[in-house]
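The next block holds one structure in the form of structure tokens; read it before the comments.
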Amino acid sequence: MSPTPPQLDSKCPSGPISERWDKHRFELKLINPANRRKFHVLVVGTGLAGASAAASLADLGYRVSVFCIQDSPRRAHSIAAQGGINAAKNYPNDGDSVQRLFYDTVKGGDFRARESNVYRLAQISNQIIDQCVALGVPFAREYGGGLANRSFGGAQVSRTFYARGQTGQQLLLGAYSAMMRQVGSGRIALYARREMLDVVVIDGVARGIVCRNLVTGAYERSAGDAVLLCTGGYGNVFYLSTNAKACNVTAVWRAHKRGAYFANPCFTQIHPTCIPVSGSYQSKLTLMSESLRNDARVWVPKQKGEPRPPHNIPDEDRDYFLERRYPSFGNLVPRDVASRAAKERCDAGFGVGTTGLAVYMDFRDAIRRDGEGAIRQKYGNLFQMYAKITADDPYHVPMRIYPAVHYTMGGLWVDYNLESTVPGLFVLGEANFSDHGANRLGASALMQGLADGFFIVPYTIGGHLAGRKLPAVSPTDKAFEDSERSVRERIDRILSIGGKRTVDSFHRELGKIMWDHCGMARTGSGLAFAKQGIQALRSEFWENSRVPTSSAGLNQNLEHAGRVADFLEFAELMIDDASQRSESCGGHFREESQTDEGEAKRDDERFSYVAAWQHEGVGKESTLHREPLAFEYVRPSQRSYK
Amino acid sequence: MSRFGKALASSVGKKIVMGLSGLMLLGFLVEHLHGNLKLIEDPSGAAFDDYVGFLKSFGPLLVLAEIGLGLLFSAHVYLAFRLTLENIQARKQRYVVRNNRGASTVGSVSMFYTGAIILGYLLKHLIDFRLDPRFFDAPHAAVQAKLSQPGHAAVYLLAAIVLGIHLSHGFRSAFQSLGLSHPRWNPLLERLGKFVAFLFAVGFAAFPMYYLFIRER
Amino acid sequence: MSAPSHDAGSGRMRITLKIWRQEGPNRPGKVETHFLPDVSPHMSFLEMLDVLNERLIASGLDTVAFDHDCREGICGACSLVIDGRAHGPEALTTACQLHMRHYSDGDTIHVEPFRANAFPVLKDLMVDRSAFDRIISAGGFVSSPTGSAPDGNAILVPKPDADRAMDAAACIGCGACAAACPNASAMLFVAAKVAHLALLPQGQPERERRALAMVHAMDEEGFGSCTNHFECMAACPKGISVESIARMNRDFALSFLKEAPDLPTGSSVG
């Protein structure tokens, strides 16, 4: 166990905000190019953050080993992002600037992010676009050959760069190709189908990892001089989310158990426009891009139990509730606001569909105004995807949508260097808590992942490698042996339970508890109830779950069981975090803290801090550390979209 | 291996040679069909005899051209065998159930077989005429003697049809392998390929039909 | 497709599955028959396999292994051959996006893994497609080290070129092209990457070298060669055109005429 750091030090530089990153980079120690190859960096996860970090570190001359859970690094879940990536290029000449992107991000995050980090993100955003263009990402273009931009998620400037509806895919493939170039050159060793199960900490510094080879079942130890966790978010704690099936909390949770603090775990983002659940067999949810709201009107019938099919309901019997409640922003209110409004209508009994958990997203008026052809041109692929899944034709029948878990702002606590409370353990991308505060703006996740990987960690890792004494370690050291033993024992224990219930049924039940009590709306009593439920479910899991044991090697059920076991521990921390934060902010809505009109009410006096949790043992209460947030450049204000 | 040799031996290199040799062999067929048409053009056979005589007058040059043609053909056949074997070996464990999506055609899936039939036919054809010393004494008479026999005529007829099937894929495919492709011209190329296949099938089928049905009467 | 059928919940189906089971690489495999009495038409194909696996666990049997991840048709993890077709009967659809409403009560469905020597079966329906990663590492990139890029708008790209590059770049690397190819050739995969980068100005400096290196890497992996059946294009869930293959062939042919580019050495995909 690492010694507990005395106090959370964000290491944010002082001085004018626009000069902080430059100043910090100047102060960071450099490593002689000839010496870089002596350092070995372990990168876990190959999404935007992991792939870009691995490529950039290898470009600098470090030796890098990369581990990913999928069969190929190209399949990391960044690939599924649709909409775009923000940058403050101001190519459309519409008044954008680094300052404005910074301001929008801090405000959009409901004043729960660090100003220094966000400003740096806005500064770096432009370089990311340049780098991605150079790597051959086929961004959308204007006829003159310049890069095209669009407005996204209600932003008042057009700063979103995109590649059709597959921006995440194209960016990931760009970062992946840069990484694979270095795999070809021999600077990066790639290990696919490996699941990281422990971080090895020696003398208080992260010096290695233990993985399970998902094909052979073998445990594999890797020693290095720094460990980068780029393992994504934990949205699958809800079972149903837009995350890929393999997304999990395991890597960061194991790191947390080794001393890395977990920050703001209750900050999750619910995306308003997803395809609703259709049955109990449902395995995941599919997002419909936010861009649809530019041309759609969201409504429910005014009458409960309305029997008429939607296209036969006249306007006077429709409740366009977003337009009614938010006349100036209408259907373009931020994600958290739109999601809660839909939930409010459904909870009040006005929801549509067999489950009553859906609202209509209607293109009728846009089709009348612009013609079906114009709509097809803009959204053809999305309409096709919707039709494929639901067998409904959205050109003639309104889409049915409902909010779903989409992104997690919380993650391992990191300082300005992206280093966790375990020295040498860096956390990048969605896996860290850093830049989005309590709510993430559309098209900002891709920006953050690439900023961390391309342009932040390659510098800040030098501070660690040059600044600390790193004695040689070997995978045969006792710390590695101990780590492997603990990992092996946990898996053997899962295999030996031999109960009755399938792992999936536990995961579904956990998801339901979390969605009902720690989803779009949370209450003190509900959270307390959920905590008990989770504890009971966790005990049952360890007594009554059932994993086929016929295969010691490739065993997907065993993999899932390990992840669910971690979710069952992590969920309790999420509940604790949601309980202590009795204000509402961003995606975290406490029913006790709302305005008379039912809007989220922040409490800056008491809660303007980052909640960073220290693990004290499973079943024991974690210790809360608070990193105060100071706002020097953006004055906190109540968000209003009326 | 030199870079050039390595590139040539690669899967794409082999396909380029395949396509190029195929198109050149097609060029030979154009001339061959043109010459043979003299059989029908002039029923007396004098024109054809003159044509053969004209070719023969080239002497050693003709032999040289024939060697070149032989090499071209050998390359085409050799690569066909190699590619086919390699492609079979690229999937040792076959599918239990396999269905195509209708992109492949009779021509494309039977390339090796139609090619093999054409090769067999070619040997017979050479033995029938080119390697028979009597042929050059009276070319037209030799052709007439052969093709008037229903058995032989049937083989020639069949070969013409098989050639058509081979070309129905081969023509378009050669252009693709050489990278000669453009969205605007590809549909045209597709139709042209079918047309060329039809033309050569009908063209070569004309001779056995002619001797079997028309000339006899 | 007119009236909303999303709610219709009715029409439960009985489905017989004939599934390829194989314990591990280089082990003999066999077709195993399973019966599902209660399949909802709204399930995705993978959700039906989930249901099967839950039943198998309940009966103490080993689950059917299959690769899957995003389940929305973009990650490319699905690798099922359904009734003899890669990704199943629907065009432009990955197996995860295939829904059971395309089947009828009483149907029997054959499920096999993608088959090619270069895609060895790991278990059941799961195959090893790391060959694709090695092909990319041989040349499927633009060598632009981090930090060296000029301003994004310093490189102008005509919109039609960008659009065509995007058409090719849409490849999800699933391998259906190789699985569907009668020759188990990976030409469409390789060509899609070559075409994507060849259509952009950023890709020009390494254009011929890339085509050569990727083709050689593909050959070394043991894929077959292209004989222009075009089954790949018909099976591609992203509709990538064989136009890319012609483009790559052209680059390859032209590279004969140019100065010798040095080819990269081996990679280290573990």
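Should a chain be cited, it is by its letter among A, B and C, assigned in written order, with residues numbered from 1 in that chain.
The criterion applied here is as follows: contacts are C-beta pairs under 8 Å (C-beta built on N, C-alpha and C of every residue); 3 or more make two chains touch, one makes a residue touch a chain.
Quick caveat, the model's predicted, so the values are computed rather than measured.
Q: Thinking of each chain as a vertex joined to the chains it touches, would you call that graph a line, ring, star, complete, or other?
A: Line.
Q: Please name the chain that ends up farthest from subunit A once chain centres are defined by their CA atoms averaged.
A: Most remote chain from subunit A, centroid-wise, comes out as B.
Q: Which chain's mean C-alpha position is nearest the mean C-alpha position of the whole protein set?
A: Chain C is the most central one.
Q: Would you mind pulling out the distance in Å between where the CA atoms of subunit B average out and where those of subunit C do?
A: Computed value for the inter-centroid distance: 36 Å.
Q: Can you give the whole-Å distance between the Cα centres of subunit A and subunit C?
A: Each chain reduced to its C-alpha mean, subunit A and subunit C end up 26 Å apart.
Q: Rounded to a whole Å, what is the gap between the Cα centroids of subunit A and subunit B?
A: 62
Q: Could you tell me which residues belong to subunit A and also touch two or more other chains?
A: Correct list: empty.
Q: Would you mind writing out the residues of subunit B in touch with subunit C in their complex?
A: 3-4, 6-7, 10-16, 83, 86-87, 89-105, 108-109, 111, 169, 172-173, 175-181, 183, 186
Q: Using the touch definition from the top, list the residues of subunit C that touch subunit B in their complex.
A: On the subunit C side, the touching residues are 20, 29, 31, 81, 83-85, 91, 110, 112, 115-118, 121, 180, 182-185, 187, 212, 215-216, 218-219, 222-231, 233-235, 242-243, 245-256, 260, 263.
Q: List the residues on subunit A that touch subunit C in their complex, please.
A: 52, 55-56, 59, 70-75, 77, 79-80, 89, 91, 126-127, 129-136, 138-147, 163-164, 166, 169-170, 173, 176-178, 180-181, 183-186, 188-192, 215, 244-246, 278-279, 281-284, 286-287, 309, 353-354, 385, 387-393, 396-397, 400, 454-455, 458, 502, 504-505, 546-548, 550-551, 553-554, 556-557
Q: Which of the residues in subunit C come into contact with subunit A in the complex?
A: So the residues of subunit C touching subunit A come out as 1-7, 9, 23-24, 40, 42-44, 46-48, 50-51, 53-54, 56-58, 60-63, 65, 67-77, 93, 97, 99, 101, 122-123, 126, 128-130, 132-133, 136-153, 155-159, 162-163, 165-166, 169-170, 172-173, 196-197, 200, 202-203, 264-265, 267-270.
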